[in-house]
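What follows is a structure written as structure tokens; I'll ask about it next.
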Amino acid sequence: MIEPLDLPSSASVVDCAAYCGGIRVADLAIDQIRGALARDDQFVWLGLYEPEQDVLRQVQHQFGLHDLAIEDAYNAHQRPKLELYEDAVFVVLRTAHLAVAPRHLEFGETHIFLGRNYLVTVRHGSLRSHIGVRQRCESTPHLLSKGPGYVLYALMDFVVDQYLPIVQHIEQEVEDLEDVIFSMTDTDEATARIYHLKRDLLALRRTVAPLVEVCNRLMRFDLPHIPEDTRIYFRDVYDHIVRLNETIDAQRELLTTALEAHLSLMSHAQNEHMKRITAWAAMIAVPTMIAGVYGMNFRNMPELNWAYGYHTSLVVMVTACVGLYVGFKRSGWL
Amino acid sequence: MIEPLDLPSSASVVDCAAYCGGIRVADLAIDQIRGALARDDQFVWLGLYEPEQDVLRQVQHQFGLHDLAIEDAYNAHQRPKLELYEDAVFVVLRTAHLAVAPRHLEFGETHIFLGRNYLVTVRHGSLRSHIGVRQRCESTPHLLSKGPGYVLYALMDFVVDQYLPIVQHIEQEVEDLEDVIFSMTDTDEATARIYHLKRDLLALRRTVAPLVEVCNRLMRFDLPHIPEDTRIYFRDVYDHIVRLNETIDAQRELLTTALEAHLSLMSHAQNEHMKRITAWAAMIAVPTMIAGVYGMNFRNMPELNWAYGYHTSLVVMVTACVGLYVGFKRSGWL
Amino acid sequence: MIEPLDLPSSASVVDCAAYCGGIRVADLAIDQIRGALARDDQFVWLGLYEPEQDVLRQVQHQFGLHDLAIEDAYNAHQRPKLELYEDAVFVVLRTAHLAVAPRHLEFGETHIFLGRNYLVTVRHGSLRSHIGVRQRCESTPHLLSKGPGYVLYALMDFVVDQYLPIVQHIEQEVEDLEDVIFSMTDTDEATARIYHLKRDLLALRRTVAPLVEVCNRLMRFDLPHIPEDTRIYFRDVYDHIVRLNETIDAQRELLTTALEAHLSLMSHAQNEHMKRITAWAAMIAVPTMIAGVYGMNFRNMPELNWAYGYHTSLVVMVTACVGLYVGFKRSGWL
Amino acid sequence: MIEPLDLPSSASVVDCAAYCGGIRVADLAIDQIRGALARDDQFVWLGLYEPEQDVLRQVQHQFGLHDLAIEDAYNAHQRPKLELYEDAVFVVLRTAHLAVAPRHLEFGETHIFLGRNYLVTVRHGSLRSHIGVRQRCESTPHLLSKGPGYVLYALMDFVVDQYLPIVQHIEQEVEDLEDVIFSMTDTDEATARIYHLKRDLLALRRTVAPLVEVCNRLMRFDLPHIPEDTRIYFRDVYDHIVRLNETIDAQRELLTTALEAHLSLMSHAQNEHMKRITAWAAMIAVPTMIAGVYGMNFRNMPELNWAYGYHTSLVVMVTACVGLYVGFKRSGWL
Amino acid sequence: MIEPLDLPSSASVVDCAAYCGGIRVADLAIDQIRGALARDDQFVWLGLYEPEQDVLRQVQHQFGLHDLAIEDAYNAHQRPKLELYEDAVFVVLRTAHLAVAPRHLEFGETHIFLGRNYLVTVRHGSLRSHIGVRQRCESTPHLLSKGPGYVLYALMDFVVDQYLPIVQHIEQEVEDLEDVIFSMTDTDEATARIYHLKRDLLALRRTVAPLVEVCNRLMRFDLPHIPEDTRIYFRDVYDHIVRLNETIDAQRELLTTALEAHLSLMSHAQNEHMKRITAWAAMIAVPTMIAGVYGMNFRNMPELNWAYGYHTSLVVMVTACVGLYVGFKRSGWL
């Protein structure tokens, strides 16, 4: 029953199959979906990647999806949410990826339509496909047989698992930053890094925080198409999200303190510099003043005629400097 | 049935028409409204722009609106809200516009009276009329036939859509600001810009945030005159508003951090200046001191009589300066 | 039935009258109140200003008010609140007034006892009497005929309307402050003004914020003696209060940012000063050093014997200064 | 029935009596309590001060108190709370006292056990005994006859009334601080005082804030042993606590602003110092430079041979200084 | 019935016993557990320490535990929580330990499975075993006879009791820090300590705060296997946690203020330094200038020929310095 996808726009269809009792029973072309949905003992799982509008229209037609949800799925730029359309659950997730060079966060979106016997995913911008999720699901038929509700869990788990290494990476960066700050090296860059880490955390938070409510609804309320025995799995996802949220908030507060500590350290350094500079300046200014005095051209300056006047003046200068040095050393200015 | 509007105060009436099954069936003068309202199969949509009190009184009389709501609509300066008067829903929205020269935010107000078979809009200060909304509604009769509740949605969607480009513009400005701050150019202006952006965000927030509750009531509770099947549309508006709110809050926090980072960077720059200044000052002060010593007038100063005393002293000065330069370079003060 | 008030303590009684169907039917002495209350078709409105304890005791006796409420009304220094005593509603409002010379906020208190057919106001410290409220009420008998519940609204509206000009005045002051801050004139005074504005806002907030709950109870719940058709009026007061609250909070946040921006600007100014000072210091120090060199007394200093050695040295000094000037100008230090 | 207390550990028993109809009918020894409790028409009021464990055990035995509550009462260091043990209400209050030399806050604890016909207080660390409360209660038998629930109110009122002068004292200190800060005298001490005031406010808040919930339960819910007609009294206490809380929070925010304003003022002062120092430095450096020039030893320096060269040079120096002085004065640096 | 544990993986089994009526009746090997569970009159208490996966699998098999809970217990890195699996309560606690050299916080985890007649603990990273808890429980059979619900309380109490000394230690450190800050000694280290204390408090908070909800559920709702009469014990734990939470939050706010006060003090110190430096610089610069003037080589300088010109100049210099000294002293610059 596997057929080549001959529709022109099918490039955006990643995979489409029917499952019965957790077993993949058929690969489907888009126009075969409606037929497959008519059978009560199986469900259809369709994966799309940045589909054109006409593909989405076909999909909408096949599954009978709501206009507004399709619009959202086409436009992307939605916040994570769960919405209920008469007979379908519509979930929006944001995927996150930490790009290395230059280091920055990239966000994508995954839109999921969940019906009684179907699940449609529309992926935008995300770099990692859901092929892995599908393979893992297909390898555990006893779980997949729970239906599309379980697939929704598998997808959410997959997306949420991508957040963890990012948050851990940021935690590590904050820890590294502490060393930079308290060793007072490279302080200029430290400020910029604090700012950018905070910006990243704010962006991550907007990705993670709305999922608390999404999971709450999935594990607590009577949503359609979520079998009773998969709710416990969503509680697991919920747990991860709450932990991520807590970590993000703690890191944000820590960064604020780090910035303040940084300012405080620099203010302290400035005081130290000022003291040291002053001490050295005094040690130059005093001999200069003495030299100035004996540079005066008064006719009657007895010291000038002393045999060792010059040497005496040098000794006075050096003594003054040593005295100042010791004094400053004692009072902690040097 | 189309007649010229011959009332003296009608300058503030933008458009007034009756709709039946989503089709515009009659243009109405203010004194014809009551007659049109008597017919059960149609609804009246009246648009006013900064009406005089006497026009508002006429309108109040025709539609039977409540005193307090009319007062609000006349005075403007209301916060966004939704109120229920026995038989009518009264909604206040704030419109926003980003003026370019000089760059500043302008706010207007739109007051909407929604009854069983009528909708009245009173626009204040807003630059963009609702003509576009009316045209779009009239071009989709199957949606307009849902009644005045759908028109309310169309108006809210129109107003909320105006916020997005403003918020995006501010986001872009914040991003531009980062470059200014971290390149340490034009830092004085940066502070003023941060302040003004924060002020704008606070003003926007007061415009956007109360709409969360307005939408909540429109999509969740049993308000009169809001047909069941339009609630889903208000959920869409709700979603936009929540996203705007989140963006506004994130940008506010980011600006606070930016200001602190700015301060930190300037404190750092000050330390750097201080170090560099000190280094150069030392390199001038040391030769000056040496020169002072040999400017003394002691009779017995052996060095003065040396054949190359002068040259030696110059070499000592230069050596001291080079030594200081290398020392300062090494310890990062230059 | 109008009689002279012959009680010794009646100096604190501002006005006391019975109303029937919204019309003033009798002026009452304190000891006539009980008689008037016995009649079912009228209500009594008594206005007191900083009454002595004995007057209050008489009033308590006449109206049958609760001990604790009377104690509150005597002591003043209550926070705004609404309390229910078996058969009476007790409301505390704080009045605010912006004194001009020296500019500061003054607060007073108004305590209101509302019963089935009476309303007692006890005014403390407030400069503006409620005579205007009474006159306005008496001039609209159709509204006054709603009973003492309507009078409560009129009083609250009167008190809340006094907040608006104060808040607007503070808003204007904050705006003026921005100019002072960003033009960097009079910066010392700016800090003090920010502080005092913040203190005023905190005081105002404690006056306004508790009214949210008071209004909430008046407009939502089934309080006795508040007729159904006056609740809509309290909603109007509620709206004003929420707006005031939002403005106060926004101004508070703005002032915080203003203080930080102020600090940032001053830090920036310090950097600029430091650069400019350094540049000019260098331009004085370099010629001084050169002069020092040629002030040395070495026997063998060839330049000293040059015909134009002195002029050359002057040219070198000026050239060094011009060079430094140009260099500093280019790098933005001047 | 009055007997000497002959138990060894009775030193910690402050007073113990039975009351009937609001009248003190008997002084009791600890081992007589059980007997007194058996009579239905009276209640027992026992006051303890830092009792030994064995006394507490006896008391527990006499009244039949719960193990955990007794443990709490012995250990102290509890947060203010209200707990329900089957047949008894257990209340923990913290007492506060402002010690003068050195100025610091002292906290004590009062634990109260309230049963159907008894009330036990255990006082720790508090300096002021409850004798006054007992005397006041005994002097108003009509109130005391309401039973132990009224005594609980009297005790709470007594404890809460101690907070007010402390908070007012802190308010006054904050006000005094403003003068210190804005007059820029003694600024170093100001910082320490701000910090210590904030610490005190935080400690007070932990003492006061939990009482909101305690009062809430006492005035709203159906707790045993709190007669219906005493709930109104707890509302009065509630009111005081909310006001204290609001004052504490406002002062905290004010102190934060004061600290920031302080920093801003000092940054401003620094700029002013810097300007003034620079101006005076320039006025010394310029003549020094000129003097340096004419201290050079070039053979051919025409000015040196002028009859009034020296006087001219002095005039030039003074003129330069005056010029600088005027210039700095004009640009506000002096 | 005590047998040697001969299973290879049993190294991670700390203790395993059956209890009947609060008395230890048998030591069990893992494979004997199922048999013991079949008896209704006893419960099994198994303690594990960082078990291998195969041991956990055996335990899961013996007790019939849920997959997800076992996974959590194996992976650790959970946040404190309470979860319900059909027939079992799953509790995660975090243990905390303050290591001394170098001073830092160490966190461990304890996972607890509570069933009708069993309790399993899985300890990770925690340094202190639960042996003490078991011994204390076994020594109070009347409490232990309440069943595994009581053991859960004993474990929570044990874990929570470990937090208190840590929080107290941090409180002490904050207090010590105050002295360091206000004496302005070692200020650089103070900043780092503030930062690290704040980081520790944030970490502790994430350990303690989630327990509020855990305790709430244990003491309020109808969880299985928690006997009615042990709920009162969980209220005690709840109380400790709320107090810890309050202390942590207060210390956090105090540290923020400390950091700001620190910055303020340093800014003040900088101003003081600047004044003092300037004063001393002036006292050196003025004689230098005077000396410069009399070092000029003008032919006609009358003072040079005065008999006591030199001495006069010295007197002038000293007089100028003394004058400056007195002036600076008076205006508080010295």
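Letters A, B, C, D and E name the chains as they come in the text, with residue numbers starting at 1 for each one.
Keep in mind that, in the parts below, contacts are C-beta pairs under 8 Å (C-beta built on N, C-alpha and C of every residue); 3 or more make two chains touch, one makes a residue touch a chain.
From a predicted model like this one, the values you see are computed outputs, not experimental measurements.
Novice: Return the chains shared as contacts by subunit D and subunit E, ordered by label.
Specialist: The shared contacts of subunit D and subunit E amount to nothing, since no chain touches both.
Novice: Would you kindly count the fewest steps from subunit C to subunit E, each step being a jump to a chain that touches the current one?
Specialist: 2
Novice: Roughly how many whole angstrom separate the Cα centroids of subunit A and subunit D?
Specialist: 42
Novice: State, to the nearest whole Å, the distance from the C-alpha centre of subunit A to the C-alpha centre of subunit E.
Specialist: Averaging C-alpha atoms per chain gives centres 26 Å apart.
Novice: Send over the residues of subunit B in touch with two or more other chains.
Specialist: 260, 263, 267, 270, 274, 281, 285, 288, 292, 295-297, 301, in rising order.
Novice: Line, ring, star, complete or other: which describes how these chains touch one another?
Specialist: ring
Novice: Name the chains in ring order, counting from subunit A in the direction that reaches subunit E next.
Specialist: Beginning with subunit A, then subunit E, the ring reads A, E, D, C, B.
Novice: Taking the complex as given, what residues does subunit D use to touch subunit C?
Specialist: 178, 182, 232-233, 235-236, 239, 242-243, 246, 250, 253-254, 257-258, 260-261, 263-265, 267-268, 270-271, 274-275, 278, 281-282, 285-286, 288-289, 292-293, 295-301
Novice: Considering only the defined contacts, which subunit A positions touch subunit B in the complex?
Specialist: Residues of subunit A touching subunit B: 66, 68, 78-79, 81, 83, 85, 187-188, 191-192, 194-195, 198-199, 202-203, 205-206, 255-256, 259-260, 262-263, 266-267, 269-270, 273-274, 277, 280-281, 284-285, 287-288, 291-292, 294-297, 301, 303-310, 313-314, 317.
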